[in-house]
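Mind having a look at this structure? Questions to follow.
The chains carry the letters A, B, C, D and E, assigned in the order they are written, with residues numbered from 1 in each.
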Amino acid sequence: MMIGKVSGEIYSTINHPFYDGRKLLIVSLEHPAGGYIIAVDSVGAGVGERVLVLDEGNGARQVFAADNAPVRSAIVGIIDSVDVPGRD
Amino acid sequence: MMIGKVSGEIYSTINHPFYDGRKLLIVSLEHPAGGYIIAVDSVGAGVGERVLVLDEGNGARQVFAADNAPVRSAIVGIIDSVDVPGRD
Amino acid sequence: MMIGKVSGEIYSTINHPFYDGRKLLIVSLEHPAGGYIIAVDSVGAGVGERVLVLDEGNGARQVFAADNAPVRSAIVGIIDSVDVPGRD
Amino acid sequence: MMIGKVSGEIYSTINHPFYDGRKLLIVSLEHPAGGYIIAVDSVGAGVGERVLVLDEGNGARQVFAADNAPVRSAIVGIIDSVDVPGRD
Amino acid sequence: MMIGKVSGEIYSTINHPFYDGRKLLIVSLEHPAGGYIIAVDSVGAGVGERVLVLDEGNGARQVFAADNAPVRSAIVGIIDSVDVPGRD
């Protein structure tokens, strides 16, 4: 699992009905290598918010209670605070 | 899940019947580290189009409604637009 | 599987009941590329401890005996010692 | 899925009967980051050939029709040609 | 699947009974990016030996014939020789 900040939204023509009405967000990862991941929102996250991303298909399908959904990455939480002792 | 641009097509002799008539596309990833992924098309994508790629076997098999297919990466959407507030 | 040091804790609003009362920890990986992973604690690990992380959904769900949990990464062990012959 | 060139073969003592008589090949990946993957051949590939690699356990097990095989990476195709418009 | 050399052993307090009596080894990967992986031994490998690592949960569980084990990475073979034509 990873954390990052929602930086944008993607509008895409996707055939599978699972995606009807879902929000596809770009999450810029907090990681030395940078990068991003595209994830389906499950918590009402918006641009600028720090989020927790679950990047695993079977778990993501559980989040949406959709056993057959073609999904791998889901935003599963909005981060309230991060406590790293000794870091300014 | 990730986004990228279709840059080419691969012609390959593959024994498994799942691949008969499938299009195998090269997707150049939009990622700081660069790279590409080979994905099976499910939406009629062509060279030059920006696409959404699902890189997970169980999800990809759902996209093709083929429970036993030896596939991991599928192009599942054509990107219409990307909205990143604050980015030029 | 990988090893790292717990460097902090994340407080997040997550809807799925699996996360009620779980500790979400940041583990800084011992890896040349650096980086971190967010993992759910299963062994009572705390900040500063070296831990073993299992980063696979089906295995993580077994750790928590929660077949349907939306989880991928679990702290499964606290490292007592590492024996690398020939390394100072 | 990824492409690469077969660069060598590995001879290894493996206990699981799935590997009896299988060819374990080294595939040098065509990727900016370089690297390689060890994959089990399913198409009669040899050193010097460009191949398509499927790197996912459930899919690889389908390729070999071996539901319980301890395998993740399979060479599933020999590449006949790659068509990248605009690239010399 | 990947190859590497066993460089050390990890002693860890792990609650799950699967790990009772298992050897947790550090494998330094033969990869341009370097790095290591922690894997459970299944072949009697020791420090200094070149090994084949299977990094996939369902496959690793087959290796140990333990359907519910919280394991992802297993050492599945000891490498006898590597044949790379044209390489000194």
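The criterion applied here is as follows: contacts are C-beta pairs under 8 Å (C-beta built on N, C-alpha and C of every residue); 3 or more make two chains touch, one makes a residue touch a chain.
Here the structure is a predicted model, which is why all the values come from computation and not from measurement.
Going by the contact rule set out at the top, which chains touch both chain B and chain C?
A
Since chain D and chain E are copies that touch, just let me know if over half of their interface numbering is common to both, same, or not, different.
different
Approximately how many whole Å separate the CA-defined centres of chain A and chain D?
So the centroids are 31 Å from each other.
Using CA atom averages as chain centres, what separation in Å is found between chain B and chain D?
Computed from C-alpha means, the inter-chain centre distance equals 19 Å.
Could you check chain D for residues that touch two or more other chains and list them?
33, 56-58
What's the ring order, kicking off at chain D and moving to chain E?
Listed around the ring from chain D, going to chain E first: D, E, C, A, B.
Spell out the part of chain B that touches chain D in their complex, as residue ranges.
Touch residues, chain B against chain D: 7-16, 19, 24, 26, 33-40, 47, 56-58, 61, 68-73.
Which chain D residues qualify as touching chain B in the complex?
Touching chain B from chain D are residues 1-3, 31-33, 42-43, 52, 54-60, 62-63, 74, 76-85, 87.
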